[in-house]
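Please find the structures below.
The following pair of complexes shares a single chain, subunit A, combined with subunit B in the former and subunit C in the latter.
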Partner chain A sequence: MNPILSIAKRELRASFTSVTAYIVIALFLLIAGGLFWLEIFNAASTELSMRTFFTRAPFFLAFFAPAISMGLLAEEQRSKTLELLMTLPVTDMQVVIGKFLAALTLLAIVLGATLPYPISLASIGNLDWGPIIGGYVGLLFLGSAYLAVGVLVSSLTRDQMVAILVSFFCCFLLNTFGELASHTEGTVAEVLRFISTSGHFENVSRGVIDTRDLLYYFTIVLLSLSGASIVLSRRRW
Partner chain B sequence: MTTELQTQRNRVAKTGLGNGLFLLILAGVAVMLNLVSTDLYGRLDLTGDHRFTLAPASKKLVSDLKSPVEVKVFLSSELPPPYDSIQRELSDLLSEFAANGDGNFRFTIVDPGASEEDKAKAANYGIRPVTVGEQSSEALSVREVFMGLAIVYQKPSGDVQEVIPQVFPGMNYEYELTRRIRKISSEAKVPTVGFVIGDGSFFDTIISEAAKQGGAEGQDPAAAVKTQLAGQLKSQLFDDLFSVEWVTLDQPVADTIDGLVLLGPTKDLGAAGAKNLDAFVMKGKGVAIFQSPYRTNTPDIGVIPGMPKFTVPEENKTGLEGIIESYGVTLNKDTLIDRKSPQVSVVEKVVAYMGNEPLKASVPTLDPRLPLMTNINRKSLLVPNVNLLAFMPADRATPLPISSLSRTAAASAAQTAGTLNITEVISSAETTVRRNNAMGLSVEDATEEKPDEVAGPFPVIVTIEGKLASSVGNGSTDKARLVIASNGDFISNVFNRNDPLADPRTLRGMPPALGQSVQEYRESAVNFLKNATEWLVSDADLIAIRGRGAVAYIDGSRLDSSKKFTMQAFNIVGIPILFSLAGLVAWQLRKGRRAALAARFKKAA
Partner chain C sequence: MSKAETTIEVRDLTKYYGDFQALRGISFDVHRGEIVGFLGPNGAGKSTTMKILTCYMAATTGTAKVMNIDVTTDSIAVRARIGYLPESVPLYDQMVVFDYLDHLAELRGVPSSKREAAVTHAVEVCGLGPVVAKKIDELSKGYRQRVGLAQALVHSPDVLILDEPTSGLDPNQIIDIRELIRSIGKEKTVLLSTHILQEIEVLCDRVILINGGTVVADGNFDELYAAHPAAERNLEKLFRLLTASNAPTPVAPKAAAPVDASKYLPPESNAAPSTESSES
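And then the complex of A and B:
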C-alpha cells in the first residue's frame, strides 16, 4: 500500500480508538447544531438556507481543526515514536501528508455528520442545494488550510497544549485578517484581505467554486505542509 | 573528529539553507500563481438558478450592442463588511459582460476618494457619497463612501446614460445592469401598460377621492391625480421600464397599449366593455385580472340621523366572471379556511366603552379566513421573488372570503389536447379547507370544522396561455396570455395609505415575527404585480434574470410544532448522542480486544 495511505489509515484508526476524539466531535456537533437549530425557527419567516451555519462554521473550525491536528506530530515527538517512524522507508513529506490526510478525513466525517441539517431543511421547503454544496466544499477547503497550519505548528513542538493554542491563534488570525483590513488602507489592506480565509470562504459558500479561492487554499496547504516537512527533516541532520 | 563535526555542521547548515531557499522559492511561485489567477480564472456556479453566471439574455444583449457601452464604477476601496464583497462581485460580473461584448463593453472601477477629479466625475453623474457604519474594536464610527455606477451608451448621435447612485450587497447587479443597458441601447419603444379604470376598481376610489378634494384653479383634479398616479406607477413601481396609461373599456383599447391590468373591478363591464376586453385578448395581448367573486356594498337605507353606515358582502357581478369562464377558468364562490396556519388580519373590535358608546380599535387577530399561499409554482416566471403571500382584506369591517379558481371541463380537454395551457401559479397551503357559499363567515364560525369542507390546496392565481376562442364569438387567438387571480385586495392594499397593516402603530402592537410577515406579504404582492406586468408585455428574459437569487423561506404550513421539535431534537442532541454511542462501542471493543490479548499472553506464559 502507498506509504501515505498507510500512515493516514493508521492515524485515522488511532483517532477513532481514542474517546477524546468522540467527545470533541460530539461537543462540536452539539454547539454548532444547537446554535443553528435553535435560531432557525425563531422568526415567522426564516430564510430556507444554511447561511447562519456557514457564517459561524469558520469560527468553530478555527477551534476544532487545531484540536484535531494538535497531536499529529507533537504527540509523536513527546512519546519518541517519531524517531521510530523515521526509521521506516517513508519520506518526511509522506509522513506529513499521511497525517494531514487522516486529519482531513476526520474533519470530513464530522462535517458529514451535519448533513442531516440540509436534509431536514429540504423536507420543509424548496432548498437550493448549490450554496449548500458550496458551503461544505468551502468548509473542507477552509478546514484543510487550518489543519495544514495545525500540522506545521504540531511539528514545531512536543507539547499538545502549545500546539493547539498556537494553531488556534494562527487560524483565528487568518480568519480575522479581513476585519483588520477594514482598519488599514492601501496595499496593506489589499494584502490582508487576500490573506484572510473568510473572504475566500464566503465566495465558495455562495455556491461558486472559483479557481482563485482553490489556489489560495492550496497555497496555504502546500506552504504549511512543506514547512512541516522541512521541520521534520531537520531531525535527520 | 573535529573535522567530522565541522563537516556535519556544514552539511546541516547547507541543508538548512537549501530547505529555507526551497520554501522561499515555493512561496514566491505560489504568490506569483495567485497574482496571475486574479485575471486568469475559472468559476463553477452551483446555484440552482445559476445566479452568479451571466444569463443568456444578458449575453445576447451585450453581443448585439451596436455602439460601445462603458460602465464607470465609483467604488471606495477598503469598504467595511458587508460592503466589502461588492467590488469582487461587480468586477466578476462586469468582466463577464466584457467577455461577451465583442469589444463593445468596457468598464472601469475607480476609487473617487483617491482624487478630487474622480470625485467631481462621480458628482457629475449624480453619484454622491453615502454614509456607512464601521465597527472597530473601540467604537462604531461612520464614514462616507462611494458605491455608485454610471452606464454610458456611446451612440453616434451622442451619449446616453443611466445611473445607479448606490449599489448594495444582495442587489441583483445583473438585472439592474441588463435592464438599464437594454433601455438605453434599444431602439424599440418602451412597452405601455394600461390600468383599467371606470370599473369600480381601487384606482377609481383613489381618483374620485382625490377629485373630491379639488385641485388648482382651472385644473381638472381627477386628471391631475391620474397623471400623478401614472407617473408614480411608472417610476416607483416599474422603474421607468414601462409607460403607464389609464384605460376605460367603454371604447376599444388603443393599439399602443401592450398589456392590460384590471385591479379589483366591482362594476358591471357591460356588453361594450366585455367586447372591447375580448378584442384585446384576441389580438394576442396580455391581460391580468385580479377579481374576487365577492365585493362589499354599503346599502342605501335612507338617512337616519346618528346611525352609522355599514357594509355587507355580496356577489361581485362584473361580467368578467363569465369572460374568464369562457377562457377556461371558474371563479368559485367559496371560502378558503386555514385553521393550522392562520395569518394576521386587523379586525375592528370593541376594546372599551365610553359610557354606552363602544370604543373600537384595530386589533391584530389570527384569522383562519386568511390562508397562507405557500404552494408557489417555482417554474413560473411570475413568482421567482415571491416568497410569502396572504390575501389581506382591504375592508377590515367586512373581510371578504378568499376564494379559489378551477379549470372548466372544456379547458381541461383543451389542456389534454395541448392547445391550451392553464398553469397554477399560486395555491393555498395543504392545510387549507374549502367551504361553499359562506359569504359572511366570522372568525368564530371559521374556527369550527364543518362536515361539508373539502381539503386543499386550491389554486388562487393561474395563467392561461395558448389557443382561445373569443368569448363573444369574435374569432380566436393562438397567443392568449392571461393572469387570473381570485383576489385584488392583496395588490391594492399596497397602494392603500390607510391600510392598518401598513400603520407602524399596528405593527408595533404585533409580535415582531408577525409584523415581519406582514411586510413580506406586501413585498411579495409588489413583486408579483411587477412580474405579472412584465410577463404580460412579453419581457420574459428580463423577469427570468430578476428572479434569480430570490431567497426561499421555510414553509410554515409544512411545519407543525411536533415536527419542529423532532427536527431540533434530532439535529441538536440526536447526532451527538449517536457519535457518543459509537465512541462507547469503539471503547468497549478496544477494551475487549485488550482483555483477550492479555488472556492469551497469560495463557502462553
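And then the complex of A and C:
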C-alpha cells in the first residue's frame, strides 16, 4: 500500500482506540443537534431547511477541527516516534498528507453522523436537497482548510494544548476576518474578505461552485501542508 | 577486513547546535560483516553521529555515506537500507505489537506478499512470541526494548544502527539480544552504542571511541592496546585514559582513513555540556 494511506490508516485507527474521536463526535452531534432542533421548533420558520445549522456550523467547525488536528504531529514529537517516522524511507510531505487525510476522514465521519437530520426532515415534508448537499460540501472544504492549518500548527509544538489553542485562534481569525471587513470599502477590506473563509463557504453552500472558491481552499491546504513539511525537514538542513 | 565492502563511510563530520560544537570532524569506515562498538561519554557525539547517519538531522559540514549513497543527496535511498533503534524507543503505545511491526514493515517497503513472513521472523528472533497480540503500553521495559529492536530489523536492512540497544534489559535478555546481534553481524553491518564496556568486549569486532566530538581511538582490541600500553589491556582503563577530563594527551590511534594526527588532540575542555539525555 501507498505509504500515505498506511500512515493515514494508522492515525485513524489510533484516534478510534483513544477516546478523542468519540468525544469530538459526541460534542459535535450534541451542538449540531441542538441547532437543528431549535430551528425545527422555532414557530417562525415555516419552511423545511437546515439554514441555521449551516450558518452556525462554520463557527463550530473552527472549534472542532483543531480538536481533531491537535495531536497529529505534536503527539509524534512528544512520544519521540517522530524520530522513527523521519528515518523511514518516506518523504516528509507523505507523512504530512497521510496525517491530513486521516483527520479529513474523521471529519467526514463526524459530518456523516449528522445526516439523519436532513433525512428525518425529508420524511416529514418536501425538502430541497440542493442547499443541503451544497452545505455539506462547503463544510468539507472549510474543514479541509481548518485541518490543514491545524496540521501546520501541530508540527510546530510537542504540546497538544498549545496546538489546539493556537489552531483555534487561527481558524477563528480566518472565520471572522470577513465579518470585520464587511462594512468597509477599499482594497484592504477586499483582501480581508478574500482571505476569510466565510464568504467562500457561503458561495459553496448556496450550491455555487466557483473555481475561485475551490482555488482558495486548495491554496490554503497546499500552503499549510507544505509549511508543515518544511517545519519537519528543517532539521535536515 | 579491508577487503570487505565499505558500508558506512564518514568523513570530517561536524555539527553545531547553535554555538555548541557537538562534532569536531569525525571520520571512520565500517565494513560488511563487522559489529562496531561506538563508545564515549555522554555528550561525546555518539547519538548525533547516529542521527546524521540515519538522515534524522543534517551535519553542518562533512559527508556521510551508507552503502555508498550520500545521506544528504539521496536520503530516501539511505533510509531504505538502514534499520534504526533510537535511544528513546519509538513506540505507538496504543498499537498491538503485531500491527506495529506490520505497519513499520509496510512503511519500510516490504512488499505485502512477504510482510507476514517478515514480521513473524522478527517476532521470532526477538522473542516476542508471548506478547505479539498485546498492546504495547502493557509491555515491560525489556519487551518494549525488544519491540524497538524488532522494528529495526523487520525489513532485514544492510546496516543496523542501534543506540543503546540493551539498556533496561535484565541479564538474560541482554545475553539473548547479544546473540541476536552477533548472528545479524555475520552478514550485515552493525553499529551500536553502549555504556556497558563488557558488552563491547564480548560483542564487537572493533571499537570507535569518541570524546568531545572527535575520534580518540579506532581499531580492534589488539591494535588499541598496542597503541596504549598504559591501559594494560583493560577496556575500562583505556576508556578512562582517553576520555576522563584529566586524561593525558592520547597518542594518535590507528584510523581507517589517512588523517592528520593533530585532529585527535582533545578539545580544551572535555566537560562539554551534554546534549544527550543523561541516563546511562
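By our rule, the second predicted complex is superposed on the first by the 231 of 237 C-alpha atoms of A that agree within 3 Å, B and C clash if a C-alpha of one lies under 4 Å from a C-alpha of the other, contacts with A are read in each partner's own complex, and residues count from 1 in each chain.
Operating definition for what follows: a residue touches a chain if its C-beta (ideal position, glycine included) is under 8 Å from a C-beta of that chain, and two chains touch if they have at least 3 such contacts.
What you are looking at is a predicted structure, and each value in this text was computed from that prediction instead of being measured.
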{"item": "Partner chain(s) touched by A:Leu222 [first = subunit B, second = subunit C, both, neither]", "value": "first"}
{"item": "Contacts of A:Val90 with subunit B and subunit C, given as first, second, both or neither", "value": "second"}
{"item": "First, second, both or neither for A:Thr81, with subunit B first and subunit C second", "value": "second"}
{"item": "Residue contacts with subunit A in the superposition, subunit B compared against subunit C", "value": "B"}
{"item": "First (subunit B), second (subunit C), both or neither touched by A:Asn126", "value": "first"}
{"item": "Partner chain in contact with A:Thr17 - subunit B first, subunit C second, else both or neither", "value": "both"}
{"item": "Which superposed partner A:Thr211 touches (first subunit B, second subunit C, both, neither)", "value": "first"}
{"item": "Intersection of subunit A interface sets (partners subunit B, subunit C)", "value": "17, 237"}
{"item": "List of subunit B residues in touch with subunit A within their complex", "value": "11-12, 15-16, 19-20, 22-23, 26-27, 30-31, 33-34, 37-38, 41-49, 52, 77-81, 84-85, 88, 134, 136, 378, 387-388, 512-514, 516-517, 520, 551-556, 558-559, 563-564, 567-568, 570-573, 575-577, 579-580, 582-584, 586-587, 590"}
{"item": "Interface residues, subunit A side, partner subunit C - complex", "value": "1, 3, 6-7, 10, 14, 17-18, 79-91, 235-237"}
{"item": "Subunit A-touching residues of subunit C, taken from the complex the two chains share", "value": "51, 54-58, 72, 75-77, 79-80, 82, 84, 86, 88, 90-95, 103-104, 106-109, 112, 151"}
{"item": "Residue numbers on subunit A that touch subunit B, as the complex places them", "value": "16-17, 19, 21-23, 25-27, 29-30, 33-34, 36-38, 40-49, 113-114, 116-117, 120-121, 123-131, 133-134, 178-179, 181-185, 189-190, 193-194, 199, 202-203, 206-212, 215-216, 219, 222-223, 226-227, 230, 233-234, 237"}
